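Two complexes come next, and they have one chain in common, chain A, joined by chain B in the first and chain C in the second.
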Partner chain A sequence: MAEERKETKPKKRMTATRAAASIGPMVKEFITGTLQARAEGRQKLAYTFIVCHHEEIFRAMDVLPIWTENFAGICGAKRDAERFLQRAESLGLSRSLCTYALCGIGFDQWREELGEMPPDAPWGGQARPDFMISSGQILCDPRSKWYQASQQFMPDVPIYNIDLPYPLFEKDQDHREVRGYYHRYIVQQLRGLVAFLEEQTRKKMDYDRLEELVDLSDRTWNLIDETYRLRSAIPCPMGTGDAMNTMVPICFMMATQKAYDFFVDLKKELEEKIAKGEGEVEKEKYRLMWGGGLPAWYALNDFNYFNSKGASFPAETTYRMIASLHEMDLPETKDPIEHLAWRWLGYWTFWYDRARKRPGSEPDVERLINWIEEYKIDGIVMHEAFSCRTWHVGLIWQLHQLAKIYKPIPVYVIGKDGMKEKVYRELPSLILESDIIDITSYSEMDTRNKIDAFIETLESNRLNKAA
Partner chain B sequence: MTSYAGIDIGSTMTKVVILKDGVIASIIGPTGPEQRRLANRVMEEALKKVALPFSDITYIISTGYGRINVPFSDRQFTEITCHAKGIAYLFPEARTIIDIGGQDVKGIKTDGTGKILDFVMNDKCAAGSGRFIEVIADTLGVPLGEVGELSLQSQNPAKISNICTIWAQQEVAASLAEGISIPDLLAGVHLSLADRICRMVNRLRVEKAVVVTGGGGKNKGLLRALSELLGQEILVPEEPLITGALGAALLGEEIVEKARQNHTPLETKERMLEEIEVL
Partner chain C sequence: MIDKESNIFDKLKNYYDNYGLRARELKEEGKKVIGYVCSFVPLEIITASGCIPFRVRGDLREPITTGDTLLETIVCPYYRSCFDLSVKGRYDFLSGMVIPHACDSMVRSYSAWSYSLPYPYSHFVNIPSVCGESSFEFFDEELNTFRRSLERFVGKAIRDEDLLRAIEAHNENRDKVRALYELRKNDPPLISGTELTMTLTVGSSLPIDESQGLLDQVLSEVRERASSPLKRGPRILIDGACLDNIELIRLVEELGGNVVADTICNGARDCFPRTEMDGNPIRALSRRYLDRVNCPKTYRANKSSTFEGDIANRFGDIGAYAKEFKVDGAILYVYKYCDPFGFEVPGRKAYYQSIHVPMLHLEDIYSAGTIGQLRTRIQAFLEMIG
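The block that comes next holds the complex of A and B.
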């Protein structure tokens, strides 16, 4: 049977930091933790999604989140997603749908059919939830549809959906004019979640504890921002390859002391590396930004391949805080739920003001421009994952907008002394194409051929500038 | 006098160009499974053609998918860089290059000096590549070399809606059974392929002049379809298969010249054209 065939294990990726190397056991620990909790029945378990700003509520209610995107990503990284994807396909679902969702649905169907974990399930498998918290968000329909599909196999498991909208960017309208309305709506949604969890756990929310956890999250948030900004050092001490590991505490462990402590250690490690002049690569020649798209989890070794060519990745737009909370224009409130809603809105609208000021810009483009300058970027790499529309629509347009600013010809700018200066601001870009976890969409040879051609372009630019 | 060689091992053809004060030899042969052995053979042939001993070649650059399988090359470059260099030499006015190879298609945006500004590639799928035409030609029983000319006789190009090579093959077979003429079918196939190529290269925002290279450059029907869809005149080198190898040889010359000017040592490989044991 195809579904019993497992793919070959990928080679282990080399990490630049000790912190990134410690992530694997950490993920394994929280997956094992959910399996143990299921077996002991001591805590309620909830399927849910990352980047919903609701984990403080879960943890305050002692509900253990099962991050379903994370488990699908693990299956992908272990090159063991195909059998679950095929299961979902055999249920009549198209391969062109979100492959995270397909993998999760295929896994759930199999587990429910067997009444136990599928054979050799990655890291012991994904525990059966007590309830599922879906999230209606702009664009990403699997976040509300995935669990409805999984519920076919678990009809006794209830779903609670929270809507988390944010005002869309309008060039000629200040989002603050409507922000209050959105805020009231999100607060209502989060209070609804609290009521649902109270009903499910038969416990009352401890608001003092929630406040403490929100405070811990906020401190972790700012610490992450400080830590990641250290990566602007030359040479860059930690690249995107490692950040695809260190995203674990950001996305799955917020509101825990462990996440805070992890970043204390990482910050210290990066400061030490910077003091010693140690970079992600021994001889840094090019500084690249992962400018968009979720990674191909089974091909993280490609980051090592970039490194082997002298390319480092000081920044990525995927899985990171956009700024510290002090910079985010968040209205003051003593109510932790209201604060979560403001933080959510602040996160999504952070680049709006700057984008409005620059003709032709948009928030996503603005973020790229700001980080290109801050991290002294020489080129942009993006990944178009065919099965994910949410994060991948618009990548090419963003690059076209960028090309208007970073022209492939020398341009004149007004220098610090007020005089005209001739500068080279060109910024080559590369779009890799495959998927988040569907390895059949990936060709290592073709991907590396593209990387080689991109590096040759960067090298030719470097030589031109030097000349 | 110094001489340079470029060898391009593509998915279906292997090409060698030798430069010695201009192009003095070019050889094209099929790429087989024994790439390392074939690289030697094609190089030997090219050298024989100009009565040049192997030791007289100052610098060799290999390119193409099989570039790492050329044991005697001094350096390797991707075919993107080499095509851009080769086309800039032949058509300095070129700004967009479309390389239609046996199993993939590449679009390259260049500045006319051989510098790459951007590129796109189709990969992992035969649709949109020369292989698409090969499969259809085979289905219709038309020799590959006649496909282009024959399609130009079409009065009413058929609509081929499938982009997948295998499904398009079935669609063509069904249309043939319905009585649609071979020229109309071939013209439809060319339009379908050209449409797929245009969708990819339009990401680069195509600029004049457009040059088509690779095996696709030999197919007049495809060139006409591309020209119609892009709304541009298409330029084609006299021998579109060798531009990658030509670019590789030119790069070799550039590297040697730079090393001379800067008095920097030139790293070359100790090389021999011996037969390689292929397991």
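The block that comes next holds the complex of A and C.
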């Protein structure tokens, strides 16, 4: 049976930093920890999603989060998602839907059917949760539909759906006009989560502990920002390939001392590399930005391929903290829940003011422009994952708008009168197409041919760039 | 399927084939026409502002071209078609566009819409994903933001009494649509599904008073019919998202089915829930749009602790329509890349089994190119249940 077969193990990606290399065992330990906690029954386990700014609440209540997107990503990275995707399809779910969710639902259905983990489940499998915390954010439909679909196979596992909106950018409206009621709503939603967890765990929230954890997260947040900004050095000491590893403490371990310590170490490592002039690639020729999209987890080796052509990735818009909290316009509050809500709004609206000031700009486009300048970027690479509308719709338009309003490359061309004249070109861009975990959508040959052609464009720009 | 001798259906067909004809005339008369997509945009606020709400629709027969240079092909195909037609200028008579938070395709493409189209007005209405008391408080505020935004655009205040009048007018319109649905209860139905969907599609391109007038004429004409335009056949319910064209329904009816009920957006989902007045018009609208428009986008908690109880709660309207319209079978028609509906397919399948209504699930891409494949599958389904 096709679904019983595992695919070939991928070649391991080379990392530039020790910190990134240490991530694999860390994730494995984390997955094993949830399985052990399930077996011992010492902690309540909750399925949940990343980027919800609710980790502090979980940890203060001693609830162990199971990051279901993480487990699907692991299945993808191990090239072992297909059998779970096929399970989901057999239930009537289309392959065009979020494949993280399909993988998770297929896995859950199989585990519930067997009453034990599916055979050879990656890293021992995903533990059965005590409850599921879904999230009706403004950016991701599957986050409010996935667990509802999984509940068909686990009807005894309750769901709490937390609504976390933010004001969408309007060219002619200052978001501060509306953020008061957005904030009130998010606070009510987070308090609802606390009440749900109190009921499920039969424990009261320890607000002093929560405050400490929020403070720890904030400090980690700022430390991550400081650390990542070191990547603007020439040559760049750490690229996006590594950042797809170091996203683990950012997305799955916030509000833990371990995450903070991880970035202390990474910062030190990057500072040492910069002092020694060590780059991600030996002879850095091109500096690229990963300008949007989740990676193809089974094809992270493509970053090494870019590296082999002299291309480094000092910045990415995926899995970033945007900016330090000091730079955000966050109102003061002593209430940790209120702070979480302000931080959430600050995170999403950070680029709004700047975007409003630049004609034709928009927050996502503005972020690209700012980081192109800060990280001295020569080209943009994006990834269109066919199954995810959340992160992948709007990327083409962003590139289109960027090219319209921002032409930073000076080149000489022969003008009408036969004389050399200086003109400005837009930044070259490359859109790769496949999926987050569905390997059937990926062709290594096509991808690398596209990369080769893109590198030729970068080289042409490099040679023709006007002094 | 359309009665060729009938004046009202001739007029309807003209408006359907030349969608936006009347809106363009109104624009030329100096009226402001505001485009919208989806059932979540509170039309009453647009009507109360003195503008005319106009539902932007796609075109199955128009290849998507310019739209694909700006939006990814992984966007819901229906929505891609709407965007493509808009950027090609099909709706150049619009003065603005309102997009709600109904799905990722809408949220993530909002900038593409608002920057790529030459309309002087655009607004995004943020719809909560859950239905708790705090969600209603938030939504009240959000609707007031929409109200203020439109006030700035039209340069005049939208008073409560304007809103109340608009609510009344839209409720009357819904009552007339409900009356039209009553005519589907005959066996065979007095009005075909093709005629009904064409009527509702055209109605959503007209000012509310003209839509009411249209419905009155259709009601009057159909009530006078001595017989059905259809031969008796399996009574079919169409379940799904927005079906703004008659192609699928006409296909079912050409193959011998009688389309007698639906849950679609420009059908029962949109037209059945009335706005219950409680003095505060904004609160009344927030209750209607958030709680009573039954879309998979809105998360409804499982209060029963059983799967059976959950699906009975979420899909109970299907069972009620199946009973009320004596349905023999259902077609669950879902667009590719539609996450809100797509994730509900197993649950909906289970629900149909629980109410013993045979169901055919079709995933489609909003293109006339798939009609042949659909024909084969629908034919087999009708034969199976016939």
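As a convention for this text, the second predicted complex is superposed on the first by the 442 of 467 C-alpha atoms of A that agree within 3 Å, B and C clash if a C-alpha of one lies under 4 Å from a C-alpha of the other, contacts with A are read in each partner's own complex, and residues count from 1 in each chain.
In the analysis below, a residue touches a chain if its C-beta (ideal position, glycine included) is under 8 Å from a C-beta of that chain, and two chains touch if they have at least 3 such contacts.
Being a predicted model, the structure only gives us computed values, none of them experimental.
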(message) By the touch definition at the top of the document, which applies to A:Q152: first (chain B), second (chain C), both, or neither?
(response) second
(message) Under the stated touch criterion, which partner chain does A:P428 make contact with: chain B (first), chain C (second), both, or neither?
(response) first
(request) Classify the contacts of A:G192 with the two partner chains as first (chain B alone), second (chain C alone), both, or neither. (result) second
(request) Please name the chain, chain B or chain C, that touches the greater number of residues in chain A. (result) C
(message) Taking the superposition on A as described, I'd like to know which of chain B and chain C A:I396 touches: first, second, both or neither.
(response) both
(message) I'd like to know which partner A:S443 touches here: chain B for first, chain C for second, both or neither.
(response) first
(request) Classify the contacts of A:K171 with the two partner chains as first (chain B alone), second (chain C alone), both, or neither. (result) second
(message) Just checking: does A:D452 make contact with chain B only, chain C only, both, or neither of them? Give me first, second, both or neither.
(response) first
(message) Output check: A:N464 vs chain B and chain C. Expected answer is one of first, second, both, neither. What do you get?
(response) first
(message) Tell me the contact category for A:G239 with respect to chain B and chain C: first, second, both or neither.
(response) neither
(request) Enumerate the residues of chain A that count as touching chain B in its complex and touching chain C in the other. (result) 396, 400
(request) State the interface residues of chain C toward chain A in the complex, per the touch definition above. (result) 69-72, 74-75, 101, 103-105, 107-112, 114-116, 122-124, 126, 128-130, 132, 134-135, 137-138, 141-142, 145, 149, 296-297, 299, 301-302, 305-307, 310, 334, 336-337, 339-340, 342-347, 349-350, 361, 363
(message) Using the touch definition from the top, list the residues of chain A that touch chain B in their complex.
(response) 396, 400, 403, 408-409, 426, 428-429, 431, 433, 441-443, 445-446, 449-450, 452-453, 456-457, 460, 464
(request) In the complex, go through chain A and note every residue touching chain C. (result) 91-94, 96-98, 101, 134, 136-142, 144-146, 148-149, 151-152, 155-156, 158-159, 161-163, 165, 167-171, 173, 177-178, 181-182, 184-185, 188-189, 192, 360, 362, 364, 384, 386-390, 392-398, 400-401
(request) Over in the complex, which chain B residues touch chain A? Could you list them? (result) 65, 77-81, 104, 111, 115-121, 123-124, 203, 205
